[in-house]
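Structures are listed in the sections that come next.
Next come two complexes, and both contain chain A; in the first it sits with chain B, in the second with chain C.
This part shows the complex of A and B:
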């Protein structure tokens, strides 16, 4: 489709998906409910799929459409299903989930990370061919950093897991723009790997819940060198 | 055809551990499959050495010198740890058949994932198998289901998966760089060929992301915090796999990228790698001094050794790379033996607290002797292989005129040597505590609840593996068989180009 208005419309759609994707990443940092966290992740995955579809149509890449379809099935449908099967309702029932920092400060840090992602990717974008230049790249990097940040500040297991999944979403979001001709079997393998990830983590969280009685994994700090020497760095978080 | 068979065997074994009829035989199935893998891997390695060319399978799998070394070491530790597990898990683990079955199924899948890393040629698929090593070993780390084990497993999973996500983006950027260069397939070979034409900024970003991401999994220093936990809380045979070879097989992926970066148009990467490695060695050496749990002691020593390998790989010459490969070999053989010895100590004294163990030599001479040998060997005492490899690396560094690097490395190695032997010495010699030492062991390690220990001595398979492993550790120091030397040389050759 070299029809200019059509292309412009697709670009606008993709820009919308990008903006909403970033917004979802911020919301995952800030939300106060486990359920909300999961719903936001589902929304973010839908936006990832949408962006893949739009780019697929724009560049007439069947491969990207397939990637979008895989994401559409695996993340919004299968992953929540696995989580629900492996974890008890109690994990979801806990309404308030707090974090190490308060939410305004968290959002400020998240904003700094997003700006950082933009400046980190600026030189990269100028190095690639024009058809790979897209807002997806900085926003994908931002999604990765915000997911990592979520993982760091959350203390509850399920939101931490969602942080990991959001990081992968971010990596993919940049990936659909940057490396869109990756063999399809690889994409499929990565998607199924995500399912294994959720299953194994779910089983682990269930074991934690059963044997420790809580899923506040952020408060498990029994393992460390006990000497209070200043060099005791084994417990510092990265 | 041996390559797909190497991957199929552990998968079949894992499947068989799940079958209802085979359940009771799960340990035997695992040992059989691992032994077969070891035989096949040795054959493949000999083949690579004889032909001095990679063995390939349809463009998807390929094993060159470096790959063959890692495959062989994975299968070696996989086999010894499987035999060791047989007696060890029966003694410590639950007598629940279902739990044991889960253990062996995961064990085989874990071995499968580690075998696949050095064989697969497509980097994103390699990433998937790195991720699978985490996922298949997570439930092995948490196997004992104590609070400490679950905590360790969670930290392991959370940090490793975080690293993996970062590395995934790195591999995608790397693919973009390859596309910008045009025309080469996405394999390690293709990357090296395309490297001169890649936009440097993409390559640099990709390498930074991959180093940070996979460095987490290797346990390089700012992101090593999970490693001593996971590598001390898992059952000892699993520790042998995790510490002995899993870290190395992930480090392999980083090593693969070094020649790519050399071929590209920007420099200074090797120096960065050396500095990164030195930081790991230094920090780990100091952390070694203040451990209270002897399994954590060996875990920190793994961080140290990963740093040493990275430093050696970062140096330029062939001699240093040969040293790096030698270090991989000696570390894997020695460290797995250390954890076997540590497992024997856990069985003998039921605690992991160094303070609570005194005069092990009188309680159980065999355990004490292997712990002492393991400690001496891993610290790098002269006739043994870690000493030889470290000596080769230092010598190569001097020959290149990197005096500061060599000086710091020597200092850190000396500190670590002192640290390891300080703790081991206290445990082995000295006067045994009165009666049961486990009484005062409300230690950070938390005394595991094994009951029937001490009484019957070590399980048979554990003794066999300790004997064999000890013999291997001693022999490797004295002589390196010709084919192995040739394999190391070929592997070192893969690090440059």
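This part shows the complex of A and C:
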């Protein structure tokens, strides 16, 4: 372990990253623009990497630094690149994203989820040795729940994808505080999994866009026969 | 004893005399950013001087509320000045009369009278602006309460002098997430309370889009001057609370010596200048929100603030 003032400074930095991570998770729920959603996700990933670096220096664990490096490369750089390559610019230009609920109500529910995350992780935290307890676990868990919530209320494909990625970010954020010696291969596998997920979803969204002319998957509520007879009762929203 | 009276006087005079300058500097900075020539930084003084020398026109149909409002709007920021650390880090006479929530309510009294005065005349734009201000006001109220609840949760008190001591005593807790998020929420609250750009355009002259300005449309002469001056002071007082208590609690007079109080004036002015620069960046880079989007802006402020409290819970 390093000397106390240094450790205290690292703790303060990590706590700051935690607070901003939570704020970014809230902002992903609330933002209206697809581009803003992506930028917030990039910011959240950078905070995750920062927290991993800080914890890596604090516990002198090479694994955590490697996790940070993998995150730094894959999420803020590669994932946006893949999305830009697979999707048209029209998807990013969209400013008004549909939500099932309006934004203030959505934010209040998100708030309840964050408090819930705190109480859910209390027993988990009491099982960890005191010097390894940190805000990462409840805040990461809150990030996980908020990502799942984003996935639920959004009606647009790309923000839904970002919801999934934010869930993964949250899980990572909690994970780096709980296990300092996860085999590196697992981290790499998860990171490449994320990339494949983005690629597959990007292609899927592209196919949806080609078929129905938009990416508002919230409107895909009814099934249609492949060769529709005229007036067969299959409703289709334009 | 004479020191305390002098310090109090200096504090009030500083707010009274420097607040138009702050407004002038803000306008000038904005115009520099927008590549305009613009009036000098002393223009607000000239405006006030001109208005005080003009006759006042009062509607026959207006009641005493309309006549009393400029004085209430002018006096309430001065009362708040007595409650908060503007130049001194040690409490003055009235420091323990009310905490930050109390100071907020004193300011809200001025806003309440301004709204009543706007409704009092039959001008159609006055009541419209008043009702919009009330809408912003009741959306800002929960944020306001939660901000100070969080302050007291973190610093153990809502008396501004004690909170300021807390931040000075523990610089390590400065990077605490609860503190940083609190600063963000308070900043958004100041933007909403003083009618700054994402909520309301202070320099707009289109009556239908006005929120804050339309309440003082009916005033002329000295009444208009008092309303304007009250608005300048409100902005400066809110900046002082924000800067001296929460963001940069340093640079105030720590000992009971008059020289230190005098030295504190340029230091506080420098802090205010930095804040004004930040304000100019915000005002020049954002667009005014649609009226019903204001609830989302203040909802975001509310969430930021509750996130501050929750993360305090997490890290403790």
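One rule holds in what follows: the second predicted complex is superposed on the first by the 220 of 238 C-alpha atoms of A that agree within 3 Å, B and C clash if a C-alpha of one lies under 4 Å from a C-alpha of the other, contacts with A are read in each partner's own complex, and residues count from 1 in each chain.
Please note the rule applied: a contact is a pair of C-beta atoms (placed from the backbone, for glycine too) under 8 Å apart; a residue touches a chain by one contact, two chains touch by 3 or more.
Just so we're clear, the structure is a prediction, and the values are computed from it rather than from any experiment.
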Which of chain B and chain C A:186 touches, first, second, both or neither: first
Contacts of A:62 with chain B and chain C, given as first, second, both or neither: neither
Touching partner for A:26 - first (chain B), second (chain C), both, neither: second
Touched partner set for A:89, first chain B, second chain C, both or neither: neither
Partner chain in contact with A:220 - chain B first, chain C second, else both or neither: first
Which superposed partner A:110 touches (first chain B, second chain C, both, neither): second
First, second, both or neither for A:8, with chain B first and chain C second: second
Most chain A residues touched (candidates chain B, chain C): B
Common interface positions of chain A, toward chain B and toward chain C: none
Residues on chain A engaged by chain B in the complex (per definition of touch): 120, 123-124, 127-129, 132, 140-141, 144, 147-148, 151, 157, 160, 163-164, 167-168, 170-172, 174-175, 178-179, 181-183, 186, 189-190, 193, 196-197, 200-201, 203-205, 207-208, 211-212, 217, 220-227, 229, 231-238
Chain C contact footprint on chain A (complex, rising order): 8, 12-13, 15-16, 18-20, 22-23, 26-27, 30, 103-104, 107, 110-111, 114-115, 118, 134-135, 138-139
In the complex with chain A, residue positions of chain B that touch it: 122, 124-125, 128, 131-132, 135-136, 138-139, 142, 145-148, 150-155, 157-159, 161-162, 165-166, 168-169, 172-173, 175-176, 179-180, 186, 199-202, 205, 216, 222-223, 225, 228-229, 232-233, 283, 286-287, 290-292, 296, 444, 446
Interface residues, chain C side, partner chain A - complex: 172-173, 175-178, 180-181, 184, 295-296, 299-300, 302-304, 306-308, 310-311, 313-315
